[in-house]
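What follows is a single structure, written as structure tokens, with notes after it.
Note that the chains take the letters A, B, C, D, E, F, G and H in the order they are written out, and that residue 1 is the start of every chain.
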Amino acid sequence: MDLKAILDAVHDGDMPVDQAMEHLKTLPYGNLGFARVDHHRALRQGFPEVIFCAGKTPEQTAAIAADLVKAGQNVLGTRAGKEHFDAVHQVLPDAIYNECAHTITYVCHQPRQLGEVAVCTGGTADIPVAEEAAITLEALGCTPIRLYDIGIAGIHRLLDKLDVLRSAKVIVAVAGMEGALAGVIGGLVDRPVVAVPTSVGYGANFGGLSALLTMLNTCAAGIGIVNIDNGFGGGYLAAQISRLAADMQQKGKKE
Amino acid sequence: MDLKAILDAVHDGDMPVDQAMEHLKTLPYGNLGFARVDHHRALRQGFPEVIFCAGKTPEQTAAIAADLVKAGQNVLGTRAGKEHFDAVHQVLPDAIYNECAHTITYVCHQPRQLGEVAVCTGGTADIPVAEEAAITLEALGCTPIRLYDIGIAGIHRLLDKLDVLRSAKVIVAVAGMEGALAGVIGGLVDRPVVAVPTSVGYGANFGGLSALLTMLNTCAAGIGIVNIDNGFGGGYLAAQISRLAADMQQKGKKE
Amino acid sequence: MDLKAILDAVHDGDMPVDQAMEHLKTLPYGNLGFARVDHHRALRQGFPEVIFCAGKTPEQTAAIAADLVKAGQNVLGTRAGKEHFDAVHQVLPDAIYNECAHTITYVCHQPRQLGEVAVCTGGTADIPVAEEAAITLEALGCTPIRLYDIGIAGIHRLLDKLDVLRSAKVIVAVAGMEGALAGVIGGLVDRPVVAVPTSVGYGANFGGLSALLTMLNTCAAGIGIVNIDNGFGGGYLAAQISRLAADMQQKGKKE
Amino acid sequence: MDLKAILDAVHDGDMPVDQAMEHLKTLPYGNLGFARVDHHRALRQGFPEVIFCAGKTPEQTAAIAADLVKAGQNVLGTRAGKEHFDAVHQVLPDAIYNECAHTITYVCHQPRQLGEVAVCTGGTADIPVAEEAAITLEALGCTPIRLYDIGIAGIHRLLDKLDVLRSAKVIVAVAGMEGALAGVIGGLVDRPVVAVPTSVGYGANFGGLSALLTMLNTCAAGIGIVNIDNGFGGGYLAAQISRLAADMQQKGKKE
Amino acid sequence: MDLKAILDAVHDGDMPVDQAMEHLKTLPYGNLGFARVDHHRALRQGFPEVIFCAGKTPEQTAAIAADLVKAGQNVLGTRAGKEHFDAVHQVLPDAIYNECAHTITYVCHQPRQLGEVAVCTGGTADIPVAEEAAITLEALGCTPIRLYDIGIAGIHRLLDKLDVLRSAKVIVAVAGMEGALAGVIGGLVDRPVVAVPTSVGYGANFGGLSALLTMLNTCAAGIGIVNIDNGFGGGYLAAQISRLAADMQQKGKKE
Amino acid sequence: MDLKAILDAVHDGDMPVDQAMEHLKTLPYGNLGFARVDHHRALRQGFPEVIFCAGKTPEQTAAIAADLVKAGQNVLGTRAGKEHFDAVHQVLPDAIYNECAHTITYVCHQPRQLGEVAVCTGGTADIPVAEEAAITLEALGCTPIRLYDIGIAGIHRLLDKLDVLRSAKVIVAVAGMEGALAGVIGGLVDRPVVAVPTSVGYGANFGGLSALLTMLNTCAAGIGIVNIDNGFGGGYLAAQISRLAADMQQKGKKE
Amino acid sequence: MDLKAILDAVHDGDMPVDQAMEHLKTLPYGNLGFARVDHHRALRQGFPEVIFCAGKTPEQTAAIAADLVKAGQNVLGTRAGKEHFDAVHQVLPDAIYNECAHTITYVCHQPRQLGEVAVCTGGTADIPVAEEAAITLEALGCTPIRLYDIGIAGIHRLLDKLDVLRSAKVIVAVAGMEGALAGVIGGLVDRPVVAVPTSVGYGANFGGLSALLTMLNTCAAGIGIVNIDNGFGGGYLAAQISRLAADMQQKGKKE
Amino acid sequence: MDLKAILDAVHDGDMPVDQAMEHLKTLPYGNLGFARVDHHRALRQGFPEVIFCAGKTPEQTAAIAADLVKAGQNVLGTRAGKEHFDAVHQVLPDAIYNECAHTITYVCHQPRQLGEVAVCTGGTADIPVAEEAAITLEALGCTPIRLYDIGIAGIHRLLDKLDVLRSAKVIVAVAGMEGALAGVIGGLVDRPVVAVPTSVGYGANFGGLSALLTMLNTCAAGIGIVNIDNGFGGGYLAAQISRLAADMQQKGKKE
């Protein structure tokens, strides 16, 4: 029973005021226009509910995935092991597993297309994190342009890709070890850069801390950082920015 | 002597190939279309060169500011002490000092307007950092909407502002201590959130580390983090996103 | 206009349903019974609004204090410098400053009495933090029993106070350096212990980290820890527990 | 032979002073009223001796458990592996193993009932720690009310449970990643909150440090923190508070 | 009234058993043979009560010092500022202040002589910490042999002093920066080495952490480490060892 | 099409200026004399492209190795597991695996000889890292002189090797635990010392942090540090220095 | 050719002075009385060469052990796995493996007896580290008195053992988690205390850091700390102190 | 009495062998050719003894400086305050103070010239550290080529200086904040790079830790790192390498 129904009942005298107040107090906040938006967000925007599989049993994962599909939503599962996929696969035979990105995807309907996002890595070992970002971008309607292994140890590789980088609306820079990639790109382009530090490295990289600190301390401006190895978070932020841009483009068309 | 002049001279036989090659090798990269963009960025985009005053003498600061104004550019100085301003004020009597944000601004020409950005703080002690973000946003053409002291210890304050937050294109969330503000906002809105941890607090906040880690580990997606107390960086990233949105709106209009 | 008034108007046909919905969406959550509780909490419970003075100007502090008193509430200001007090003193001549605890207090009405709480310190240098806890306890209606300088380096001092410790309903243990006081007390009593690590010490105490880690790793159970030097937080938690105990005692009386 | 017996014997001339002094010097401190309390605590209060199984062999664990049962005490073993349980099961066939919480329990007699305690988690991956708290609460006579997966990324889930949270006497908040749950709850309720940070997360969560620091730095007051992943400690502190409340209720009844 | 007096009174019928029990409960534990040792330790052993002046007011410091002297004890105050000394000097005109070591000393009676202890430093900047150790040693009856500035950057300086080092019973090695001195000495001598890391250095020495870690990780055996800059602790441990040696020498004489 | 070809075409009128400008903008920077140098570096200098195998699949590793050999370059693979070698061995049957150093090497042509470099370790457990340095040195044309297990716990072992150390042009000092080896050597010789901290140790060595901090804080001058366990980096830097020395020797010969 | 032979040859005119100088420069320092002492230390003092097995192959371990026995020395191997023992056992069938302490021992001749040392632990999980200390003490001629599981959570257990603790010449205190044991003992006894922090615990104990910091920051004086889990180091230091005491006792006898 | 005198006396029969052995045992090692080299190092190589002024009194500093000049050596004082210089200036009126680098220099004789070294900084705030390196280089005979403010935020500035960088024999890269400068340069040149992290920055730079970690984790090879803000150490290492190169050039000339 939602807000309007309650108000109608009060209006029509079918529900006393006291009872209405009780309802309103215990009603899910979503029904007040607040949680409903939240609840309906995925359907409206084509942004699927995301399942963070690590720490969930394969059975839990499969149940959530089946639920989402029943509700007509796309599925994106991150940090999924093979065992998570096997369970999902049984209930959703068309689900796809990406071994490199450790993602499970299942598409009910094509998401609204939001344009290209460049996804760069410093080295080859950063690719799994970058792929998590790329798969997330695809799931959210963006088209990832992969620019892998353009780290600063051989900076000409990066400079050679400058045209591609400059034509992108948003750039996701994934790098471990010294993590300088994001700062160098940030100094070369005029678009928002999403920086994803990775735990790639050894010794004094302290599980990605070195790359994280590099990115936080970069002198280049216009860079937003996410957690270490958080390819999903990097892709999501880039998609969020892309969606804003797409919304504004649409708004411009109507003007 | 720029690239085209060199090529023209080669074409006209006024310059032998060998000499041209020498020129091209030593020519500033900017002249190859690469650094020139960089050099002209501020004029084209209305994004001023920013002077990070900390670690510069007042004299250096004033000289740079005067230079920028001579070149017709706006001036934004951050982390400026009163002594920096006094020096700038002597050469630019119309320069303005913001004591709270520690910024120096001088406007030669109005920047292109890029729309509203919400700037929130968890507490009152976070306001200086938020003001640095707000002044930066203004300098870059955005209109900051200040929502201060809406931290999660009294979450209804934040919920009361939900309409304002939801209507903003970009949100800058500035918070110290536990730093949960950005994550709570990120769970409530569908727009990019720029999170600025501050060093406000004591004890186990370790100079802002607690707020930084909270923001990096947030379960909410769509959040980009900048360095501790980096109000400038937060404002700049938000402006960068706003400019992309404005560009796309303009592009939409032309379609 | 609160929830009941809106529902009454709808019921009486004085307000159409659509307008009611608009009202309900924009109404402060407090009006739904949610924030109002929050807003009225201090008056109902005798727990004053607390002003964290650090990071506030003296003027801001004085304005908030005056406001609270106008609303009939007691005032407790923590981390207050002499300059904060001077400003408050001008508007509230009866306000009291505790130089050791750095607190400002002003009592409009006696708070409900909640019983005794033992406040212990390991050494004499921990006393300012303990006093902040003690003043907070007093402001919230508890009676602090001070047991200072009973640290474990001479454990007989602590054992001598065992009777006092065992008769307390709640114990606040304030200690820096090695911070073992809370664990030793926790092993000797059967009541909740609130542990407050302090930054007292030097060298490898890393600003109170050593005491904090000691307390977190204690083998004794029944200990809740607050932030380093957070005497206020320690006193508040102890008062919160005391109030629960007082409420239950009152409930018992009615049974 | 206890203190009174010795003094009586001295008084009656049955024991010379020298011999009494020897006795008093070597007498266990418990006999002076000190350790005896400690020794008898479990029987009197229904709080079982707790076996921390990690770092004990299965044989040691089983021997201690059998000993406790022989003494008529309940058994609670935490951090127990399957191998610990197998050994206990052989000597106590009615012992119960909770695979999620990693606890072994065996009940000789029902503990004194201490009332309800809410146990909340931010996410599903925090549930094992929360279950350790819940099983501990049950073993100590409390009734845990489980409110799982109400983290702040979707804050309406938490707000929907506000009535339950507000009716609880004590709340245990278990959360990893950003760990903001405890602070948000603390800002909404007027009861003691026990915060248990968990090591759930990755990257810059540094084994639970991020959640721990968030909780220590929370702006909300009335929160006591325990060690990372220390569900037992969180449950024990909540039970300790509940027992104080129950004692006071009983005291009230007698008044 | 001590234990024997109480027992005598009970024996003689001058004190009823109940009253005796009350006495025994509140009597300082020292009277049971436990705290008395503690209380009398300084007088018996010539080890003075030590006043840690940091965090005490000059008045408190002077009062404690006067008290000790009234009880016939020597005075050693560490971490004493000039203001502490001025207050002590007013009540004890013969007290001596060591500006380098920041100590206050006042000798009532010569302590028992315990022999020589070598006190070494890596550099000249470590001398204040070494002097705190040396003054402590003197106050406790040892004769410090100062070997300053023999750090490993010029290892021949250390090797030149090998005879002195090898003839010492105990060695206190004080070093900052890389802190390798203790390990090198430990590899060359066959006596206990007390290692005192100092905060001397800059950059990645992190307030003495580098020297502390070096000493903890030394491959040389027979080294006991104290807190950073804790010259007092280093001197005290060396004196403790020296006293054991002196006791055993005396015991040998009697054999 | 390289720079000269473009300029020739412009000169000969075969290419219009506009088209030449387009070419120059998109031309790889290497063709401007910048990246080409980079690309040809290995062939010219005999320094092989190095494959960091960790994080690469065996197939990727083998493909890169085969490519390098096809281009006539030597192969050095570091952090190689047995599985990497097996894949390389299939395509390059003469490749050699060093189980201790975890390196794969394949020599197409002898590198230019650069002279001797001393490689020292503090203990035997540091040898794998030292061997990585030694194999790297060999691959780059240096002759490693191995001086293992000369740590400072028995400093005479090191002093016995002083002649060898003093005759070396460059010294690589590999040490874990306290890591004092580099500083002691630096105080004894007049040549550049490359310090490689290792993660050998336990407890408070924190994965090599203790050795790293020791080396960074050494009082001895003339020491350059590389990452923890980075034998390759240490060897490479020593070879870089050796090559400079060899170049200068050659230059001297020509003078 | 040793020092005396050289001097004899010079004296007899069989060796010119210049040649003697060359010899003396390259002569092992041991031959100058310096390293020889070192070399002979074990035999003279009964302190065996200790083999740190971790990081050595079983073969290396066995070879060193055999060598030592051939030279008539006792063998003590620490951090030895079963595989190390198996290899040693083949060459030394009478060697003994302690599974709890992970030590290998082989006794050629009884070491000089140095007296009793108390070895205490806070809990049962600390016992392996304590056993490493105890076995080390035995190997060096001390008699360890084991006092296990007397941690401060039930402080009466410790107080009950006060007589034993007070009669010991040296005390080794082994404790993890909060690590307060050493400080409490240090406050109760007048003898040197060797503190060994252990990595026992979880969450915010950070691999033993919490216990280490507690011990470093203890207010009790007379405590020397060794590395985390370094039972060997703790035992060695206690033996070193005991030997000094024994030497002095012997010296006393001769007086 | 030095080694030769002793041997002569033995040879001439003026000293018995036993007495000679005693002498040799106690003789400073320097007299055995070991420490003398050390002692004479400065004179022979033109490398002055360096005075680290921080932690020394002005008087101590002046005395050492005067001593060095008396011995005919050049003086270099680092981390010198104005007060140090004032004291030195009184005894050495020609001494020079560099306010930016905080150095004192006094030249007795021109050092041997060792060639050019490039000294680069990322920003202007790094210049004081770079100047310390430059002054050190000058004092040791090198000619510093200053390339300041070429950080990677505007990478074309660095690329414009590539010719200068490539022609340098050694490069000192000084950078704070993200500290990526060293890695980018290391990827572009084929010469040894000395990396000096600085503490320039704020927030999560943690006193230079961010720049230090970046440099340690750089993917570029051939880079040696020194302590944070250690301009002297960076300059010294670069000079050490330059001297080796100069020695080899001279050796080449003689071939």
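We adopt the following convention: contacts are C-beta pairs under 8 Å (C-beta built on N, C-alpha and C of every residue); 3 or more make two chains touch, one makes a residue touch a chain.
If you're wondering where the values come from, they're calculated on a predicted model, not measured in any experiment.
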To reach chain F from chain D by way of touching chains, what is the minimum number of steps? 2
Sorted by label, the chains bordering both chain C and chain H are A, B, E, G
Duplicate of the D-G contact set - from A-F, B-F or B-D, the pair where over half of the pairs recur: A-F
Counting only Cα atoms for the centres, state how far chain A is from chain H in Å. 50
Separation of chain A from chain G, taking each centre as the mean of its C-alpha atoms, in whole Å: 56
Between chain C and chain E, centroid-to-centroid distance (C-alpha), Å: 40
Take the average of all CA coordinates in chain E, do the same for chain G, and state the distance between these two points in whole angstrom. 24
For chain A, which residues are shared contacts with two or more other chains? 25, 34, 38, 123, 154, 159, 188, 203-206, 209, 212, 216-217, 227-228
Full set of chain pairs in contact is A-B, A-C, A-D, A-F, A-H, B-C, B-D, B-F, B-H, C-D, C-E, C-G, D-E, D-G, E-F, E-G, E-H, F-G, F-H, G-H
Show me the residue ranges of chain C that touch chain D in the complex, using the header's touch definition. 34, 38, 41, 45, 47, 50, 159, 162, 166, 169-170, 187-188, 190-192, 194, 212, 216-217, 221-228, 232-233, 236-237, 240-241, 243-255
Counting only contacts in the complex, chain B reaches chain H at residues 26, 28-30, 34-35, 38, 52, 54-56, 60, 197, 199, 207-209, 212, 227-230
Per the touch rule above, chain F residues touching chain E in the complex are 122-123, 151-155, 177-180, 183-184, 186-188, 201, 203-206, 209-211, 213-220
Across the complex, what residues on chain B touch chain F? 3-4, 7-8, 10-11, 13, 16-17, 20-21, 24-25, 32-33
Enumerate the contact residues on chain H facing chain B in the complex. 123-125, 154, 156, 159-160, 163, 200, 202-206
